[in-house]
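Below you'll find the structures, each written out as structure tokens.
Across the two complexes that follow, chain A remains constant while its partner is chain B and subsequently chain C.
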Partner chain A sequence: MQQRKVCLIGSFAVGKTSLLQRFVFSRFADKYLTTVGVKIDRKIVPTSRGSVSLILWDLAGEDEFQSLQTAYLRGSAGFVVVIDCTRNETMQQARAHLEFLDEEFPNAAKTIFVNKVDLENAWDLEQQELSSLEKLHPVHRTSAKTGANVEEAFHDLAEAMG
Partner chain B sequence: MSPLSQVSIDLLPEVARRLNLALLCRSNESAFILMQEPPEWFGQIFGNGNDNGEFHLEQVSIFLESFLVDAANHWASERPEPLKSGVWHEFDKHDREHYLEATSLYVSGHCILIVESLGHDYEVRVQLFQKARNFVLQNQSLDYELQKNDVLLHFLSGELAPSMQRVSRMLADGKAAGGLNAEALSELSKQVAKQDILLDTFLRGFSSEIVAMQHVSRDYSSAPDITEVIRTLVKSELESFISRSVGLSMDSTVPSNESTKVVSHRGRLEKVVGSLMHFTLRRAPEGASVNIQVHSHGEDWILTEIHESVASLGQEGEAIFDHLLTEEPMVRRAALSLYFCKLTIDRWGGEIGYRHAGDSGCWWFRLRRVKASTP
Partner chain C sequence: MHDRPPSELPSSVTNRGHREEAPSSEPVDAVPLAPTENPEGSALLSARDARLRDALQPILQSSILNYFESGSQRIVDSLYPLIGRAVRRSVRESLQALAQSVDTTMRDALTLRRWRWRLEAKRRGIPLAQLILEKSLLFRVEEVFLIHSETGLLIAHAGARADDSRDLVSGMFTAIQDFVADSFGGGAGKASDPLGRFQAGDQDVWLLHGPHAYMAVVISGNAPSTYREDFHRVLEEIHERFGRELSAFEGDPEPLERVGLLLDDCLLERKKDVPTRSPWLFWVIAGVLGLILLGFFARMLWMRHEHGTVRSRLQEIPGVVIVEESHGWNHSTFQVLADPGSGNVRAALALGESPSRVEIKPYYSLEPEVMANRLRLALAQRDADPQDALTVSVQSDGLQVAGKARHRSLEEVKALATSLNLSQVDFSKVTNVDQQVHVAESVALAKQVVRFLPNQARVIVGDGEQWRVLAEGMRTLAANSQEAGMACSYRLMLTRPAEVTAGAWALAAERFRVAEAALMSQGRGDAEVRPGGWLPPSLRARLEFPDDLTDALVVIPSFLGSQNAP
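And now, the complex of A and B:
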């Protein structure tokens, strides 16, 4: 079976760990527990080319206390850049990550998860900025809490990784 | 060998074990051998090695498989300083979670790998990060609330300032004339009462807008159908338009089997569409027409367009949502309602704008479609 490494990156508290918990274990915890270091999970997903084993790297969120260790990204076939729809600054961080990834990993598949869409009434993203990102990379609106679009978004990425 | 050296050799393996360190030495390209009796957790995660006592760590740990690439480069460079992997999580055979960190060292021609279980130290580090990040999140949330209040205060001061200036001018004139006469006093009390009503209206309006914005329907059973909302509004507003000789009509290009329910709140949605219709009507000359169209915008969005045969705003209107504050009071008052439209549409995750084409213009906004299967 084919294996593909996928890294989830983004600012802290955007829901990377929750997305993986939802995708891999179908569960969700409301309490925010920060990730320090790396957690790795696996999930087999069916694609048009047969089943693919996704090796999912949940990297600690980036902030002034902790920066992204680029060595972790080596060998990734796909990247999920996660944005919190209630915090516009997480989109700025995502843009910077995507620019870096496009330069360093031009052949890897990249996708954007706009997470926490269950909190749509607290939406804080500038639509123009989001639309400009949407022109460059696929955008999925997800909710780790309700599970909305999570499965579909990872499947789309698995297909895109070829 | 000095007695001290002998003591060191005897004690160091146990010291390392008690410090939760597993010391390994690379025996060939991919195999490692233990340099001491390892801590218990090591065997529970990495097993006991092969018959030769060798460990192929990259086969057990995906994280180490990646780190050993960096470690190999580090050993090849023979640099004296250690290289740390950073923390990672690993589960043992009893499904217990361990927080590990690896270090590569090059010592006297030997490639050394140290794997450490961080235990309590890690928990303390996580608690520290947790607290710091919670504070940052709280700070960001407060900042956001302050920004909203700033905008409101800006509007309030913009509305109140000219009238207050008039009042203070009247008082100054009265003082210069040796006192206010009955006519000036009456005018003054009218101005003050006007401001009182204006302020009250603003605060009540703002309060109800904020309350309304907190409510949003996103499930199929409760989300409002925008086609139905517009149809109802067109029906109720038609008379006002006819009385001013302005045409009003609506069209939908959305197939009847597709949902036109949108993430929003019915009462608030009516207010948004109603505000845009009134804004258009107030500026429409006799004989003009307004046509409201509902379109699908990709699978996930519903686009509403309010086409004006005669544009209510000039070319500069395209930036109206970016520059809602103007000096002219009438425009500023209208801008307040547009501001609330934008605030509301933004809060629902939509987008609103205005475009100008020749003599005509078009207000538009898009909202997320609620499909029957949407969770």
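And now, the complex of A and C:
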């Protein structure tokens, strides 16, 4: 079976771990636990080329004290850059991440998960900037809490990784 | 460049003959090649070679440096197998030197196991210390992962683990290395020594790195570090055989499925040596046990035979009754009852060093022969008088003692028989020697006569001396009668006259008075003496007195008198 390494990156508390929990284990917890270092999960995803085993690296989120651990990115076939739709600054961070990834991993598939879409009332993203990102990379509006679009988003990534 | 076959190289380089046959325009080619043939030419050639070397050196150095800088990873990858072998050889030689040093230090150890290891080390041609390390460390390789270095994806796995978690563990191994490299190695992308080993609980994880993939070997226990070389060799072989697939790996492990077979060889295990008995030791022990068993059974048979022999002997001895008996492999025991008439049973058995033990308790047998023996032994053991000569025989109605014996001895024997529980013993055939003497002495005394003058109470001349003889005889007889166990008294008797008249009785009475007085005066002793009348004819005949003997007085002992009393 084909295997692909996928890294989830993004600012702290954007929901990377919750997305993986939803995708891999179909569950969600309101309790927030920050990820230390990296956590790895595995999920087999059917694609048009057959099943693909996604090795999902959930990297610790970035904040002012913790920068992206680029050592973990090596060898990734795909990247999921997660944005919290209630915090516009996470989109700024995502943009920086994507620029870095485009430069260092030009051949890897990249996708953007705009997470927490269940919190519509708290939407804080600038639409214009989001639209500009959408022109560069696929954007999926997801909710780890409700599970909305999570499966589809990962499936699209698996297809895109080829 | 090095792979180019010689055929593709310029002929001017490979074919010296051709170069000799086709001289170039350069003067150097005109110089003969053999220096010995032309010393001047040789010197010229050396001078030109030095100039050529000086001219090319900077160019070559620059080119090589440039080549290494531009493609260092490729060069490292290409040289990896060669470098690995060279490094391992160097390390191996260093370890051997260390092992030799330890070997020297431990040479004097004299334990049996050490000697056995020393022999094994000699047989295998390895230092003793290396063997000691191998024997001392116990371990098991639980799992082996072959993981793609770049992606951290699992390529192959050997060992027991669920499929689901293999990928995650592989990823974590890679993440750990990335973290270490990032934290201690100067950051990502910077050259650093990769993590070679870490411990997780009681398991040791060895990481062995190759150009495209690394091996993670999960080990329980303490594996000798020499095995690291073996794992490296496997990793090198994987890279040699699957180098192309590994370099092209993008997540599809199918082309590398056969790698798992190589990984399986890495699942080594060393268990604790179970002390096994060598066959010779087994046979020695079995032989010894067999001999012991054989000896045991032989001893049992011998004891049975010995027991039977002793039993037969006991049964042959009259008056011995076996009450209880037992025998084992080392003893034989009898409890017997033995009549005193059985004699010395132990002596009869002649047990000597025999392991048989005989416990003897006395009893009285009612078997006539045993009873006779009992009495015979008792007679033999007594302090007999020289005149005693007694025999014991078995009669239909009991025992009979015959022979002769002193009166005192006879009394003792009778008492002895009673004490031996022999109540019915016939002593009628025993002659009482003392009584015989007594009778003889009685007869001798009775034959002494004192003659009176006819019709007088006076003794004839010459017989007065007889009173002294009679008195002495009476004393002696009285004294001997006690030993013979007989009462002693005397009767004074007169030979009957031809005609007994009335005056004859008076004369007889007078004569008795004279005799008593005379005997008393001669000291006849204390025995009773009384007048006894006329001597009966039977007694007269027994004493063989002549018929014409009249007016004679005799002293008749009571024993003789009662025997012959009318």
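One rule holds for everything that comes next: the second predicted complex is superposed on the first by the 162 of 162 C-alpha atoms of A that agree within 3 Å, B and C clash if a C-alpha of one lies under 4 Å from a C-alpha of the other, contacts with A are read in each partner's own complex, and residues count from 1 in each chain.
In this section, a contact is a pair of C-beta atoms (placed from the backbone, for glycine too) under 8 Å apart; a residue touches a chain by one contact, two chains touch by 3 or more.
The shown structure was predicted, so the numbers you read here are calculated from the model rather than taken from an experiment.
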| item | value |
| --- | --- |
| First, second, both or neither for A:136, with chain B first and chain C second | neither |
| Between chain B and chain C, more extensive residue contact with chain A | B |
| First, second, both or neither for A:123, with chain B first and chain C second | first |
| Which superposed partner A:55 touches (first chain B, second chain C, both, neither) | both |
| Which of chain B and chain C A:40 touches, first, second, both or neither | both |
| Contacts of A:74 with chain B and chain C, given as first, second, both or neither | both |
| Set intersection of chain A contacts, chain C complex versus chain B complex | 37-38, 40, 55, 69, 71-72, 74-75 |
| Residue numbers on chain C that touch chain A, as the complex places them | 148-154, 164, 167-168, 170-172, 174-175, 178-179, 181-182, 187-188, 250-253 |
| In the complex, chain B residues that touch chain A | 62-63, 66-67, 69-70, 86-89, 99, 101, 122, 125-126, 129-130, 132-134, 136-137, 140, 144, 213-216, 218, 263, 300, 346-351, 368, 374-375 |
| Complex contacts: residues of chain A adjacent to chain B | 12-13, 32-34, 36-40, 55, 61, 63, 65-66, 69, 71-72, 74-75, 85, 87, 89, 117-118, 120-125, 127-128, 131, 141, 146-148 |
| Chain A residues touching chain C - in the complex, by the definition given at the top | 1-5, 37-38, 40-42, 52-53, 55, 57, 69-72, 74-77 |
